[in-house]
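Heads up, there are several structures right after this.
In the two assemblies presented below, subunit A is common to both, partnered first by subunit B and then by subunit C.
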Partner chain A sequence: MTRTDTLADLLDAAGLAGRGGAAFSTATKVRAAHAHGADLIVNACDGEIGAAKDGWVVEHHLPELVHGATLLAAGRRRGILFAAHRNSRTAGILRAAGLDVLEAPSRYVSSEESALVSLAHGRLARPMTKRVPVATGGRDSRGARIRPTLVLNAETVWRVAQIAERGPDWFRALGTPAEPGPRLVAVSGFVAAPQVLETQAGVPVRALLEAAGGLPPGSPAVLVGGLGGAFLSPDEAGRLHWSRESLGTVGAAVGPGVLVVLDPWTCPAEAVSQMLTYAAGESAGQCGPCMFGLPAVAREWDELVLRPSRAAEERVRRRLELLPDRGACRFPDGVARFTGSALRVFGSHLAVHAAGACGYTSRRSDPRVVVG
Partner chain B sequence: MNEALWYASRAAGIASVVLLTAVVVLGTVVAGRRRPHDDTATVAMATHRWLSLATLAFIGAHVATAVGETYVSIDLISVLVPFTSSYATFWVGLGTVAVDLLVAVAVTSLLRHRIAERAWRAVHWATYALWGFAVVHGFALGTATEPLLRWTTVLCGVVGLGAVAWRANVTTHDRERRRILAHQEWS
Partner chain C sequence: MSSSADLPAPVVLRVDRVACTAHGVCASLLPGHVRLDEWGYPVVVEPRVGDAEARTAIRLCPARALYLARR
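Then we have the complex of A and B:
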C-alpha cells in the first residue's frame, strides 16, 4: 500500500534523523506512523544525564514545537501528548500553555519510547519488548494490543516545523552530508557557562566546550551522551569532531546531544562508580541483564577500583559482554558502552589509584553534582 | 483372604499418605529458583522423583485392594469417576479426584521432555490440591481405632501445610529484587 506522504517525503529530502539518541530516519518513522494512524507523543523528558536541550526547545520555541506536532499529527483529532518529567520546569511550561502533558516519573528508563507508550496506555512507565516498531502498534508482553504511537524527541519535532517552513535545502546547508541540519548540544558539568548550544554536525568538540567556557585544566574527561554514551580523554576532546564518524573512532556517538565535563578534583574512577550505582538503581526490574547485570557491573567496578588486577578488569569486561542485545530497551547496552569507555579512558588511572597515589582530592560527592 | 485385602488396603493407604507428603515436601524444596545448586540438588531431585514412583506403586496397591475387598462396595468405575461409590460417596470421591490428578501429574512428568515446560508446570501445581484431597480422604476414612494411624495422617497434614507455607513465604533474590523495583514510582 503506497500512499503519498508529502511530509515524510519532505523529511526524507531533508535527511532528518531523530535527535533523541538513536538517530533513526524520521521520515521512515513518520511514514509508518501515518500508514497506521498513530497517536503522537512529543518526548521532552531530557532523560539522559546532563540532557537539557528538549526543555530548552519547550522554553524558547514552543509555538514552533506545537506547529511541528500539528503537522505530524496530520489532522488527526486525538490529542497530542507532550511528555515531560513530573514536576519538572518543562512540564510546568507545557501545562501553562494548555497542552496535554504526559507526566513521566523521574526515572532513567521511563522516558524511553515504549515506556512512554506504556504510560500513555495507563500502565507503568517501563519499557516494553518491541516485536514491531511502536509506531505500527503491536502487543505488550501480556498480549494486550498497543495503539500505534509515534514517539519523537522534542528537538526532532521542532526541526520538522523548521523544515516545513524553510525547506530541505536550508536544512541540508547545515551540518555534514551524512548528518545534515542544525542540532542542539547541552554542555554542562564543570564549565564556566553551562548552556544549550545551537550548532551542527562536524564542528570540533573543542569549539563546543569553548563556547561554554572551555575545558578546565586538570579535568580528567568529558562524558558524551551520558549513561548511554562514552568518555573522551582531554586529548580526544581536543581533536575529535561532533559527528558520528569522528566520535565513532573512540566508541562515542552524537547521541542525545549531551556533553558533561568532569571536575578536576573528583577521582574519575569514583565518579564512574557513583554513576554505575545510580544506573543499577534505575532498572525497572524486568530483564535479567538489567536487574542483575547492572548491579553486578557496579559491584565489580568497585572491586576493580579498590583492588585493581588483570583478573578484576577481565571480570568487568566479561560482564559487559553479557549485557547488550538482551533487554526490552537499550539501557543495558548503553551502560556496557559507558563502562567500557571508562575502562579505556581511566584504565591507567586505576593502577595509580590502587597504589594510593590517586591525586584527586575528592573521593565521593553527589553524582548529580559531579555530572552536573 | 478378604480380611487380608482389607488390611492391605488400609496399610497401603496410610503408607501412600506418608510417601506423598514426603514427595510434596521435597517438591517445595526443589521447586523454583531457590533450589539448591550443589550436590544436594541432585540428591533432593532424585529422591523427589524416585519417591514419587514408589508413591504411585503404593497408591496403586491401595486402590486395587480397596476395589478387591468386599467389606464395602467400591466398584471399578469409582476408581476413575469421582463421587460414584455407594460407600462413603464423598470421602471416597475425594480419593478418586486425587488419583485422577495424580495420573495427570505422573503422565505429564513422564512426558516432561516432550511437552512444553509451561504445560508441565501448570499440571504439576495440581499436586498441592491432590495431596490435600488425599490427606482429608485418609483422615475421614481412617477406620482403624489405632490412634497412631490417625495421628500419622494429622502429622502428614501439618508437615505438608508447613512446607507449603514455607514455599509461599520464602523469598529469593530474584523475587525480592522484582518486588522492590515494582514498588518504586513507575507511573
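Then we have the complex of A and C:
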C-alpha cells in the first residue's frame, strides 16, 4: 500500500496525464485503482485514425513498458493484459515476448477503455456505461459485476516507467507547465516521411509536419486527432502550437497524438463524407443517439455537399448538438467535434463544389490513407 | 485535479444509454428536464432534478436506465 501510494504521488509530482486522448490525471486513476485492487490493461491498440504511437512504444521500448506495467500493478504478477488489435504487428510482438495479450477486433470503439474491460470479461468489445469509473469496478447495464480495472494507454505506461527512473523534475523539464513531459505524435497521410515523433507540448505544429517532410502545397487541411478530432486549415497548421491552449482556439486538442495530412487532389468535402460513412458503420449499435444519429449526420452532410444552403447547414449543426454526452463512450462527441470542424474549415468550399467548380480532381481518397 | 475538488458535486440525473430503449417514460414524468429526440431517446435538458421526482422516474423507467450521479 505504501509503495503504491508513493507511485501515485510521484506521478502527481510529474503531472502525468493520460496519453490516450482524454488527458486525465494518471495519478488520480492509479490511486483509485490501487484502492480497489484493480487489474491492469495496457492499451496498445492505436484505435484512432492515423494512430501509431502505441505500437511504436511496444516495438521500441517494450522492456520499459513491461517495467511500467509491473510498477503500476504493484508487484502483482497476474492481472496484467496488453491490448492490441487482432492479428496486428503489435499483438505479434507482445505475444512473442510472452505477455498476456488481449486481442481486440479492429473496430473504432473496440479499444475504448470500457470496451477493453468488457472484452477482458469474456464479452464483446463494446463500450459500457460507466456509472462509476472502471478503475473502481461497478456493474454493467445488466447489473453484472465488473472487476475494477485500470486501463492506461501504452505511452502513458512507458512514461510511468521513465518517471520512476528519472524523476518528476526530468519530466517537467519538457513540455509546458500545463502539459508537461515528452510525448509522441504520429504524422501520416500525404507526407514524404510518415513517422512517430518524440516531441513535447508547445512546439509549432509546423515543426511536427516538417519533421515528416512538410505540408505539401495544395493540401486542404491537416486532421488532428482523427475521427474524434478536428481539421486545421493550412494557415492554422502554420501558426498553431501543439498544446491544449493553442489548438483549443480552433476546437482541436492534442488528443491521442495524431496528425493526418490530406492529399492535394481529393475533395475534402468528399473525404469527410467517406469518413462519416465509416463513422456511422463503426457505431457499436448500443446507444440510440449514436446508432441513429451518426448515419443521420452522414446523410445530412451528403445532402449539404450536394445542395449547400443555409438550411442544409443548419440541419447538420442541429444534428451535431444532439450527439455529445449521449453515449456510453465519447465516440458521438468526437464525431460532432470532427464534423463541426469540417463545416468550419471546408464551409467555403461547399458552395464552390456544388457550383461544379470543385477543382479537386479526385472524389475518392485512398481509403487506406483516410481510414486506418 | 480541479480547484473545486473539495466541494460536493451536485447530483444530476443520468441516462444509461446502453440500457435505454426509448420508452419515453422519463420525458412524461419529468417535463422541463427531459425531452425526446426524433427517435424517442431522451435529451436531458436540465439534469438537476428534485429528489422525489428523480426517484419516481428511476423506479418507473421500464429499461432501468435512469440513475443519479455526482457530476
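Here are some notes:
Assume the second predicted complex is superposed on the first by the 362 of 372 C-alpha atoms of A that agree within 3 Å, B and C clash if a C-alpha of one lies under 4 Å from a C-alpha of the other, contacts with A are read in each partner's own complex, and residues count from 1 in each chain.
The rule we apply is simple: a contact is a pair of C-beta atoms (placed from the backbone, for glycine too) under 8 Å apart; a residue touches a chain by one contact, two chains touch by 3 or more.
For clarity, every value in this text was computed on a predicted model and none was experimentally measured.
In the superposed pair of complexes, A:Val187 makes contact with neither subunit B nor subunit C.
Within the superposed three-chain model, A:Val305 lies out of touch with both subunit B and subunit C [touch as defined at top]. Note on subunit A: of its two partners subunit C and subunit B, the one contacting more of its residues is C. In the superposition on chain A, A:Phe292 makes contact with both subunit B and subunit C. In the superposition on chain A, A:Leu119 makes contact with subunit B only, while subunit C stays out of contact range. Of the two partner chains placed by the overlay, only subunit B lies in contact with A:Ser283; subunit C stays clear of it.
Using the contact criterion defined above for the overlaid structures, shared-chain residue A:Arg107 touches subunit B, although it does not reach subunit C.
Within subunit A, the residues touching subunit B in one complex and subunit C in the other are 292. Contact residues on subunit B toward subunit A in their complex (touch as defined above): 177-178, 180-182, 184-187.
Interface residues of subunit A facing subunit C in the complex, by the touch rule stated above, are 25, 28, 127-129, 131, 140-142, 286-290, 292, 322, 326-328. Partner subunit A is touched in their complex by these residues of subunit C: 1, 14-22, 37, 39-41, 43, 65, 67, 69. On the side of subunit A, the complex with subunit B involves touching residues 105, 107, 110, 119, 123-126, 283-285, 291-292.
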